[in-house]
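Got a structure here, written out as C-alpha cells. Questions coming.
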Amino acid sequence: MSAAKVKAAVMGATGYAGFELAKLLLRHPRMATPLFLSREQGPATQPLESLYPELTGNESYPLVPFSWDLLKKEGVDVLFLATPHELSRELVPEAMGKGLRIVDLSGAWRLKDPVNRGVYRFEDKDAVLAAELDRTAIYGLPELHRDEIRDAVLVANPGCYATSVIVPLTPLVRSGLVNTGRGVVCDCKSGVSGAGKKPTQKTHFVEAADNFSAYSVFGHRHTGEILEQAGLHADELIFTPHLLPIPRGILSTIYLGLTRPVTPSEIDAVYRESYSGSHWVRIFGPGKLPQIQYSVRTNYCDVGFELAPDGKRLIVVSCLDNLMKGAAGQALQNLNVMFGWSEKEGF
Amino acid sequence: MSAAKVKAAVMGATGYAGFELAKLLLRHPRMATPLFLSREQGPATQPLESLYPELTGNESYPLVPFSWDLLKKEGVDVLFLATPHELSRELVPEAMGKGLRIVDLSGAWRLKDPVNRGVYRFEDKDAVLAAELDRTAIYGLPELHRDEIRDAVLVANPGCYATSVIVPLTPLVRSGLVNTGRGVVCDCKSGVSGAGKKPTQKTHFVEAADNFSAYSVFGHRHTGEILEQAGLHADELIFTPHLLPIPRGILSTIYLGLTRPVTPSEIDAVYRESYSGSHWVRIFGPGKLPQIQYSVRTNYCDVGFELAPDGKRLIVVSCLDNLMKGAAGQALQNLNVMFGWSEKEGF
Amino acid sequence: MSAAKVKAAVMGATGYAGFELAKLLLRHPRMATPLFLSREQGPATQPLESLYPELTGNESYPLVPFSWDLLKKEGVDVLFLATPHELSRELVPEAMGKGLRIVDLSGAWRLKDPVNRGVYRFEDKDAVLAAELDRTAIYGLPELHRDEIRDAVLVANPGCYATSVIVPLTPLVRSGLVNTGRGVVCDCKSGVSGAGKKPTQKTHFVEAADNFSAYSVFGHRHTGEILEQAGLHADELIFTPHLLPIPRGILSTIYLGLTRPVTPSEIDAVYRESYSGSHWVRIFGPGKLPQIQYSVRTNYCDVGFELAPDGKRLIVVSCLDNLMKGAAGQALQNLNVMFGWSEKEGF
Amino acid sequence: MSAAKVKAAVMGATGYAGFELAKLLLRHPRMATPLFLSREQGPATQPLESLYPELTGNESYPLVPFSWDLLKKEGVDVLFLATPHELSRELVPEAMGKGLRIVDLSGAWRLKDPVNRGVYRFEDKDAVLAAELDRTAIYGLPELHRDEIRDAVLVANPGCYATSVIVPLTPLVRSGLVNTGRGVVCDCKSGVSGAGKKPTQKTHFVEAADNFSAYSVFGHRHTGEILEQAGLHADELIFTPHLLPIPRGILSTIYLGLTRPVTPSEIDAVYRESYSGSHWVRIFGPGKLPQIQYSVRTNYCDVGFELAPDGKRLIVVSCLDNLMKGAAGQALQNLNVMFGWSEKEGF
C-alpha cells in the first residue's frame, strides 16, 4: 500500500537551480506533480517547457501566480525557494504561520553569526521574527545535520562552493589534525551555471570560453558558511573562487598544514568514519583524485587527497555538480531526510 | 622617405568587429594612431583598454565623443563605421559632404536591389541622397571589386556569412557550370562572436556551450548579398545559418548540381583563374578541405571541394574568421586597396 | 508478482557506446546485473569503474573473459555487441546456434544490399550462413520496424548519423511529397564521442576544440543505411558528416525539394501520423526547431522543420544524442521491444 | 644598411611549442628562413604545412634530416631544440664544439641542484661535460637573467608553469616580505596544449572537455625550477598543476603569508621596480586581476594581486600563454637578447 504523495511548490523554477529541482521533483516517485510558482501576477506567463524545450512532450508545466491561498488550496506540504535571497528573506517569515515546511536554496537563512550575515545587508520587516528564524533554521547539509533536518521546518540549503569545501574540510578540522593557525587555503573553480541564468558580459560565451579567471578574491559570500560549518576563525581561511569554461561542476583544491605527521590511512580513516552512512559522499582511495566529470549530473560530492612526503602537508580535492549536490540535488536530499525517506530516493 | 601616415577614425570600436579593427589599425605601419569615437556625449567614457584589458600597457586608448568638427580638426582621412545599420544609414549621407572616405561594416549600403533592402526597413531622412548612395556604394569584396574599391568613396564591407559563400560560389556560377535551377544549398556555421558583444540568452555560455542550432532559416539578412554578388535568383538559393559553440570562425558547406559532368581539375582551374592575384583566398588542392582552425585569426578565406563520383554534384567547403575576413580584416584589406597599398599590408 | 529478471552480456563495455549501454542496463528494473565481457584472456583486466571512475562506489564491475561456455553457465538471454564490425561479423554466426538473442551496435548486419555492404569489405568464414543472417537481421529502428524487432533473433542497431536522417526523412519520402530526383541534401554534425574512445590526432582536444570540419565527404559508411531505410537511390542522396567541438549530440539539417507546394500543417500531419505511438520521437511544432541541448543525454530523436515561403522547399532539422538514440539508448529501446516491455522502461 | 640575417635551425618543429616557434621565426625580420630539422633519416618526411595546414600558401616548409654537417653547410648560427629532454641531453654536448648557440626548450639544462635534477634521471654519455654544461647553462628567463643570456652559449628555456610562478614570486621573496616558513601555495591551471601534441586518453576531447582535474600533486617536474629561481626550500613550496578545458593559457593563483602587514602600494612598488624595463611583464593595478584571455597568443606574463584586509596575506594571480611566454615566445625573446636586439622584435 502506497502512502499519499507529497505536494511541493517551487518558486523560481525558471532559474538554473530551480529548473534542475523541477526536473528532479517531476521524477521523484513519492512526490505529486509540483506546483511551479511565478511572482508575475495576471494571467499566464510562459510554461516551463517553452523556456526549457528539453521538457517538450505530451505534458505542459505552467507557471502559476504565487499566492498563499493557492498553496493552501493545492495542499502544498513543502515549499522550495530558488529565489534571490532578498525574496527568501521576505517570504519565509510569512510562510512560517502557514504550516509549510521550507527548503530555501538562497543564502538568506544559512548564517548564524550576525557578522557573517553582514555581507548580505538584509532588511527585515520583522526583525524579531527574522532573528528567531536565523536561530532555528537548519543548515541543510545532511552529512553534518541529518538529525536536525529530519524535524526541521526551515532548511537553509547550502551554497555550492560552501558544500564543496565543508564536506572535505569539516571532518579534518574536527579530528584536530589541522594546524588551523597556519591557514587553510581553498582554491575553488566553478562552471558558468553557478553565475545564474541571467546573461551578463561575464557569462557571454565569447568572454567565458577559452578563458579562466579568479573573482571575489577575499570577498565571496560563501565564506561565512564555511567558517561556521567547519569551525574556523575568519583569519584561518582563504577561499578563492574561479570561473571555469564549462557549463557545470566545481572542483575545490584545499591546502592544509597538519599538527603532526600522519599517514594516508589516518586521513582515510577520518573520512570513512565521518561519512560511513552517507551515500552521497564518495571517498577516493589513496593515489586517486576526483575529477569534475566523475560527479557531474549526479548528487555525489567526491573527495580525494594526497599527502606530502613529509606527512605534514595535505592537499584535498573535492568535486561536485554545482546544480546538484551544490543546489537542487541537495535540496532533494534534504526533502528525503525531512520526510523520512531514503536519501537515494528520486535520484 | 616615408609618406605621411593616413588617419582613420573608428565608430563602434567597443564591439567585437570594431575592436578587432582597432587592433589591426594600431599595428598597421602606414596608419597613424586612429581616433576612437563614441556617441556618448559629455566627458569621458571608459578607454578601450578597460573594456578590453588585453590592451593593457603603457598607452591608453580613450574614446572621444563623435563630432564632424573633431574629424576635421584631427585630419581624418577615412572613417570606419562598425555601428548598427540604422546609425550607418544616418551618418553616411552626412559624411559624404565632408570629404571623408568611408568603410561601413554594417549592412546599410551593401544591397543594390530594393527588394533585398526591404529586410532592413531603412528610414532615410533624405531618400534621394540615400538612393544615390545605394547606387554608388561599392561592395567591398576586393576579390570581386578590386578596381572599383580603389577609387571608392563609400565601401560597404560584406557580411561574414556572405563572404564565406560569395567567394566560393561566384566563380562557379560565372563559369556556367552550376545548374542553378536545381538549387544551391548553403549550410553555414558560425562562432558566437558573430552574434555580437551584447549578452543575450542565446549567447549565454551555458546555452551556447555543448550545443548547436540552426536559426533564421529562410530569413537571414545576408541572403540578399549572396544573391546579388553571385548572380542568383531568390528561389535558386537556400542559406541556413547555424550557431557553433566556438568563439570565432565560419565554415560553409555548399551543395551544387552541375550542368555537365566535370573533373576536379576543371573546378580547380576555375578557382585558380578567378583568384590568381588574390593573396587572401587560398584554394585547397583536391582531397583537402579547409577547417576553421586553419584560417581563424587570419584574413584568409579558404576554399576546398569534393566532386561526387558521377562528376555532377559538387560540395564546396569554405572557412574564414568572421571577425577578420568576415569583418575587420576585410575592412583593412579594403583600406589597403583604397590607398593603393599591398593587400597584405598590416596583417 | 515480478517476473524473473533478464540476463544480458555486453561485449565492448569499455568503449563510449558500450559503457553508456552498461550504465543503462545497470539501472534497468527488469534486467539482472549484466555480464561485462572482455576478449582478453587470462586472469583479470581492469574493472569497469577503474576505466570510468564515475562508477566509483560500493560495487565493482569486473570484465570477465569471453567464452560461449560462460554465457551458457550464466544463463545469458541477450548478447549486446558494442564491438568493431569485423568482430561482430565473426561472433554473430557462432552465437546463432547458442539460442542467444543479439543486439549488435556495429555496422556488421545493417545492410541488405550487397552493393551497400561493399564499403565494409567483410570477410566471412561461412559465406552461406552470413548471407542468411544478412537476410534475416532486423534493422533496429523501432519506429520503423517495431513488429519485426519483437520476434527478432538478430537486431542490427542503427548508426547514429543514420538514425538522425532516417527518422525525419523516411515518412516524407513515403508520403510521396519529396521530389527525390532533385536530390536530398543531409548536412550532419556530430560531437566527438562519435569518433570513439581511442585517442587520435583528430580527437585531440587541441585539434577538436575551437574547430569544425567536414569529413568523409561522398564516402561515409552510414550512407547505405539511409538509402535502404528511406528508400532512395544512391544519386538521390548527399550525406555530409561534420565534427562538432562538443562531447556528444548530433544535429542534421536536411534539404528537400517537394513535388508540389504544401502547407506546414501537411508536413506536420505526415510526422504526427508516422510517429503517433512513438514516445522517443518528438515532433516540434511550426516555428520551433530542435537544438542539440534539448535531447542530449536522453533517448529522444527531435524533429522540426521550416517551409520556404513558396511551400516547395523544406528544411528539416533533427537532433539526438549519438550515444543514446544513436547507439546505447536505441539498443535498450530494442531490448524493451524484444521482450515486450514498454519502450520507456529503464530510461 | 641592414645587417646580414641570422640563421636558425629548429629541431622538433612538429610539436606544439616547436611549431609556434617556427611561425615566430618565419615572421622575425632579422631572421633568415629557418631550417626545420627532423631526426628521421632518408628522403622526405612530410613538410610542415601538411601537418599544420594553416601554413598553406605559396611556400613549402620541408623538414630536412638532421646532421651536424648540414648545420655547418647552411651556416646555422643558433639551434633551437624543442625536443624531449633525453634528446636535448644527448645533442647539446655535441653541439658545443660546433660553435653553435643553443636555446633548449626542454627541461634538460634548467636545474643547478643535482637533487632537483634527480627527477629527470638523466643518463649522460660524458658526465664531466654534462656537469660542466649544467653549471654554465643560463636559465632563460630574461626578466631575471638578461645580462647572462646576452653572452650565453646555452640557454635553458624555462618551463611554462615555472615561468608563471617565478615571475610573480621571485621579486616578493627577494623583497623579504614573504613569510616563506608559512609555506607558499601555487595553485596552477594550464590549457591542454601543455600536455603535448601526442594524443592520449587524457587529451582526448571527450575526456578533457567539460572537465577539470588536478595532476602530479606533490610531484611535478617544474617544482625544482621554481625552488631554484625563487630561492625557496623544498618544504616552503606547494605547486599543484590542473588541466583546464581550453587549448592554451595558464593561470596561477599564488597564496603567500607576509612577514608584516603591508599596503597594496608596497606590493605594487616591488613589482614595478623589478620589472620596470621588462616589456613582457605587465603589472595590473590594484583591484584588477589578469585573466587568461588577456595574454593568450601574446608573449606577456600578466601579474595582479589582492591583499587581505589584514594586510598580511597576499594572493597573486599570473597569466601567460603556455606556448608563448611559456615556451616559444620566451625562446624568441631569448634570441633577441642573445643577439642584442629589442626584446619586442618579431612579435
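A, B, C and D label the chains in the order they appear, each numbered from 1.
Operating definition for what follows: a residue touches a chain if its C-beta (ideal position, glycine included) is under 8 Å from a C-beta of that chain, and two chains touch if they have at least 3 such contacts.
The model shown is predicted, which means the values in this text are computed figures rather than measured ones.
Centroid distances from subunit C, each centroid being the mean of CA atoms, peak for D. For the interfaces A-B and B-D, the C-beta contact count is higher for A-B. If you average the CA atoms of subunit B and of subunit D, the two centres end up 37 Å from each other. If you average the CA atoms of subunit A and of subunit B, the two centres end up 47 Å from each other.
Looking at subunit A, one finds that residues 209-210, 245-247, 291, 293 touch two or more other chains.
Considering their complex, residues 16, 192-193, 197, 199-201, 203-206, 208-210, 245-248 of subunit C touch subunit D. Per the touch definition, subunit A reaches subunit C in the complex via residues 53-54, 56-57, 210, 282, 284, 288, 290-291, 293-295, 297-298, 302. Residues 182-183, 185, 187, 189, 207, 209-215, 217-218, 235, 238, 240, 242, 244-247, 249, 251, 253, 255, 257, 289, 291-293, 296, 306-310, 313, 315, 317 of subunit D touch subunit A in their complex.
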